[in-house]
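Letters A, B, C and D mark the chains in the order given here, with residues in each chain numbered from 1 onward.
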Amino acid sequence: MPTELVMTHEAVPGFFGRLIDEGPVMGPRERARQPGFHHFDWLDSADDLVLEYQTTTIPPKKAFFPPRDVLFEFDLTDPPEFRAVRDATPFTLVGVHPCDLEGLRLLDDAYAQEPAEACWPANRARARIIGVDCTPDEYCFCTSVGSCHSRAACDLFLTPIERGRLVEVLTGAGEEMLRVSDVTEASDEDHAQAQQWRDDKEAAVTAGLDASPAEFADLLATGDFTDIWHEISSRCYSCGSCNTTCPTCFCFDINDEFDLGLTGGRRVRTWDSCQLAEFALVAGGHNFRRLRWQRVKHRWHRKFDYLYREFGTPYCTGCGRCSRACTADINIVDVSNQIIEAARQGVQG
Amino acid sequence: MIEHDNVSPAEDITRSYQPELARVIGKWQMTELMVLLRLQTESGENLEHEPGQFLQVSLPGYGEAPISFCSSPTQTDSFELCVQAVGNLSEAMHDLRPGDFVGVRGPYGHGFPIAEMEGRDILIVAGGIGIAPLRSLINYIADRRSDFGRGIVVYGARTPSDRLFLDDVAAWDARADLETYFSVDEPDDTWTGMTGVVTVPLRGVEIDPDRTTAAVVGPPVMYRYVAMELLAKDMREDDILFSLERRFKCGMGKCGHCQLNDLYVCQDGPVFRYTQLLGRSEAIEVWAPEEQKG
Amino acid sequence: MTTDARIHVHHVTRVEGHGDIIAEIADGVLKQARFAIVEAPRFFEGFLRGQLYSDVTHVASRICGICACSHKCAALKATEVALDVTISPQTDLLRRLCFHGEVLSSHLLHIYFLAAPDFLGLPSVMPLIAGAPDLVKRAMRLKNIGYDLAALVAGRHTHPIAMAVGGFTFVHDPKDMLAMRERLVDIREDLTASVELFATVELPDFERPTEYVSLKHPDRYAFYDGDVFSSDGHRLPVRRYREAVTEHVVPHSTAKHARWNRPEYMVGALARFNNNYEQLHPAAQAVAERLGMDPPVHNPFAITVAQLIECVHCVEDAIELIDEVVGRGIDPAQQQVEVRPRAGQGVGAVEAPRGILFHEYEYDEDGRCLSANHVIPTAQNLANLEADMREFVPHIAGESTDRITHLLEMLVRAYDPCISCSAHMVRLPHG
Amino acid sequence: MEGPTKRFGNKPQIAFFDFACCEGCQLSVLQLEERLLDILELVDVVTWREAMSEYSNDYDIAFCEGSITREQDIERVREIREQAAILVTLGSCASGGCHNDLKNQWEMDEMLALVYGDQAEHFDTIPSRPITAVVEVDYKIYGCPVSLAEFVTVVKRILTGQSYEPPNQPVCVECKLNDHLCVLEKGEVCLGPVTRGGCDAICTGFGDACQGCRGLMDAANVGAMLKALTREQAHAIVRKVVERYGFTQDDIETKLRIYNNWPELNLEEIAANDD
């Protein structure tokens, strides 16, 4: 059982203010150009931080895996020179919801698989993370995939209670962050209130998969759902929004850019999406997933079947971002349940 | 999965996207579209590849792409790549001259399971530029002739002028311990050999299915027909090896582009057993005639 | 001494769009002097029919890449009148700020890149890149601050984003505003250097008094709003613009000519300068004095000088506008007012860099465009330009043909014609 | 390595040409400021009527802007094609389709009469078309106007002997890479999901909807859009938009036409090509 302390409402701004004084802090804040909507971005002051926010469009994975990331720079000298340009500045990521914490853990696993990738762990090592508990909306289904109460990857975790936040201290780094902070022991009442919050939250999750991840993986693997894929793909734009907003998607593209003087440049890694038409196109024009329905199918299999078998967890945290972002109204829970139902009927029939 | 006895490449290479330097020490224009490059790492280190493995090759500013080794691992002081001009990187590689540098990462992937193939008859089926990775295997077998049973090379090209590695081909043809079968789809006046797609010569090859391993590389359309031919010879599905192509960006099983159902072609392949592919709906080249139906 | 000359300049260079100069002198007597617009017509007024009001204003800015903000604002204003939308004071301030960006970028493009080579005896600025790199960089800095100012408000100068019927589609950040303010303060130095450069320029000696038409506003030097005003003493509300602008098709031109009280009138920087001098920022008035510009100025070559004076005004007024916007605080609730389609008709007028610009639209109850009309500054200037040519040619008839050609090109360029847009002039659907 | 591949012996000679358009793309190029000076280190501009009086018919690379709307334009662009080793179309007017093509919905006579009345006979006009419909082009830069970043990319590609394929992914991708708020969340209709990206989602970054200025991407699922924006939706956000505007499929089609009317927008054909 981790240490649990209490940070009062009055102490909260001071705590985050001090973190910001120590170094860069990324957290949920109001969008400058679109007030009323939130996103993860660097905070200028503790006032910017919004601890109660609805799930952001882009998950906090962007702190470690930027949408566009320079892998290295090069100079076209003879011989050419390659230069690492990785930023090593430590930073703090705050205000991360449990599903997104889980997302970070899943990416830890994916990138660590041999042969391991270097950028993700290097960036992860730079950051301390503070999680916060959340209020679900109609798209959330974390309870179906076991991420509802995740404390993965974080050093401190804050749960709202009457007099402030209950602070779970999960790591030494977390303890360190609290060193000069105004925190007190949690009382039984505090614990009870935090537990009440968690219970209420769980109860507020209304969407859900009709099968456990393990069962869903099996149903997917054995069934033939071509009709469902066709129906979904008739509506799908292949716009990639479901992937580019997903906290567990980690596909990317790599391209080179020359500097304008044409004497050097950089190699850049960019988020990619398996739903895009050219994702599996090879030189010569052969596209191994040319048809839209094949790509739609691939997404479900990758999330709930292939990676589930590889890592023992579905590569979905139930955050609901893909459903929110899909302007074609393709909802991951609805489609999954459609598949589950079809598979079960198939089994019965 | 193919067990493979070679150690994985040096850690610092796999852990980073940053290539090491290799210098072009020889260049031969084989056809209008194909160039053969001989390279040496700048560090002088031998990359210790297996036949069938590939390198991530780059020219800064032009990008990076997977290219198969086409030289045998028995050639230790240098290695060779054969590049078809199809896009920005590969075209720029045609402009390289001896003394120029390229970046390399790797070797990556699972090549041909040499240990398991030793002692067996090896049937090599190459279509088009598929001869490039297979040349690595053929020359390896030629250099370690006593380690293997029969060595059979079946090579089909579109036209006589598309045929690659003519010196090697002549050398294989001249050896008594290698059996060679060549064909072209579209013959010209100079062509005296067989006419037809690669399955035509293949049909005439007699093998002992119990002791034969087949290594097949070619364009996507070829695999299915070769498989049918080999199965007609009673070969076991497990003894048929196909090397597949997909788009690769990282070579490390991360970028997702090369995924074939649950497999990564760059890591689990590019050399696969037919058995692995049969169960997988996205190995469309081996089981669907053309495109999958919409 | 030339007494006969035939001049045909095919596609005058260093102007926006395509126009030809045709002049003929026989026995020292002017036979003809014309500026023929040969731009391909694009038919905006035709194809805007049927489009939704929001798409109309989107497409309207595409009439011209240089005066994109002007076209956009004229379209927005006309549409807002038609749909009975009242924008917030904040939107009004921001649009005025955006306008200064457009006037700056457009004027400075003209002053440095199109007109200045004439004064320096060069075919273009290209030779200056190597020869006077500091001058070129200064010109780029000046021009780009205009673009950036417009982009600060509208996301991009060509073509403005974010400007919608009823307001803006995003909330401006005061931090960005203040950063721009600093740049505007710094750019004063470059402007001063430009003024000094112009103080050394000698304009061709030519004067022809004419009717000057511009917007006039009770409180400020009019760019974004005001009444239609003539130096001959007439004043009309914008909605009655047709009484001022009488258009007629001339066969040699894809654009139409316009007249009001006299056979021709002038619009643009010099017209504004002459009509609204009193409202120029004191700093701009000081520059006018420095450059010997005492209104009314009747030399058309001085249009370029009037532009420079306006640039000084725009920079100073932009600084004041930023102070006002930031001082009031940017209220997200004021960014956009509710818009409901309804049937209606409206006219919007603004002072584009090249002069007064009218857009008129009529919408059906779903907010779809029934008819559109655009009256563009360059088209209004054409008759006046030709009148200038007719009077100017006899003055210079004694010069060599090359010199006459050059002077006529200079005269055309002084008007800073923007032909790509003047080619969309359309007959007013009467009724 | 010898630095980038040299395609041209010396500094290549550049020319700019314009056809029917607002000239905003050329103007955007002037906004490159310092980057323009860098480019001018690598090339010589020999012809640019809008900016210079010098003129040369000897150029390697031609940048052409605007639509073809007159018989004489066809001839002129063919001449340019003949001379230029490389022809680049600048902007959607030239590259694929733009509002100029909207006039093609009417008979040309009708258009002329509407605009020029009884003087119509003085003018010639043919249905508007992009340059790509008249001659082969080597590089295409879409956009109304072009994105400066893409322009610079293409210049670098040309100078290093590389091809450039305009992105074939929708604006939504770039919207996400930039962490923009989806404008649908504000209740606006956006054409981003079917529109070719490459603009870095500049409009949606300022909260404005994508109007489709780069045209439809290949295999755009237009049918899905026509349905999604006009039918009952479970999706709370899209539902809001649908209820607010009450668009019909014709309305969406009218909107799509603004940048997709060359050749005449044929939704049935597009639907047939959809996967």
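Details
Note that in this section contacts are C-beta pairs under 8 Å (C-beta built on N, C-alpha and C of every residue); 3 or more make two chains touch, one makes a residue touch a chain.
These numbers come from a predicted model, not from an experiment.
If you take chain C and chain D together, the chains in touch with both are A. A comparison of C-alpha centroids places D closest to the centre of the full protein.
The pair of chains sharing the greatest count of C-beta contacts is C-D.
Chain geometry summary: the mean Cα position of chain A and that of chain B are 39 Å apart.
Mean C-alpha positions place chain A and chain C at a centre distance of 50 Å. Centroids built from CA atoms put chain D at 35 Å from chain A. Centre-to-centre separation of chain B and chain C, using mean CA positions: 66 Å.
Counting only residues that touch two or more partner chains, chain D has 1-2, 4, 160, 186, 205-207, 275. Counting partners per residue, chain B has 60-62, 87, 101, 294 as the residues that reach two or more other chains. For chain C, residues touching at least two other chains, in rising order: 170. Contact between chains, as defined at the top, is found for A-B, A-C, A-D, B-D, C-D. Across the complex, chain A is touched by residues 1-4, 35, 38-39, 41-42, 152-153, 156, 159-160, 168-170, 172-173, 175-179, 181-182, 184-186, 190, 192-194, 205-207, 217-221, 223-225, 227-228, 233-238, 274-275 of chain D. Those residues of chain A that touch chain B in the complex are listed here as 71-72, 74, 76, 78-80, 82, 84, 110-111, 113-119, 250-258, 262, 264-265, 267, 269, 272, 274, 279-284, 286, 288-291, 293-294, 298, 301-302, 305-306, 309-310.
Residues 8, 14-19, 21, 23, 42, 58, 60-65, 86-87, 90, 101, 103, 108, 219-220, 245-247, 249-250, 252-257, 259-262, 267, 282, 284, 291-292, 294 of chain B are the ones that touch chain A when the two sit in their complex. On the chain C side of its complex with chain D, the touching residues are 11, 13-17, 39-47, 50-52, 55, 58-59, 62-66, 68, 109, 113-114, 117, 123-126, 129, 133, 136-137, 140-141, 143-144, 147, 154-159, 161-162, 164, 168-170, 249, 251, 254, 420-421, 424-427. Listed in rising order, the residues of chain A touching chain C in the complex are 32-36.
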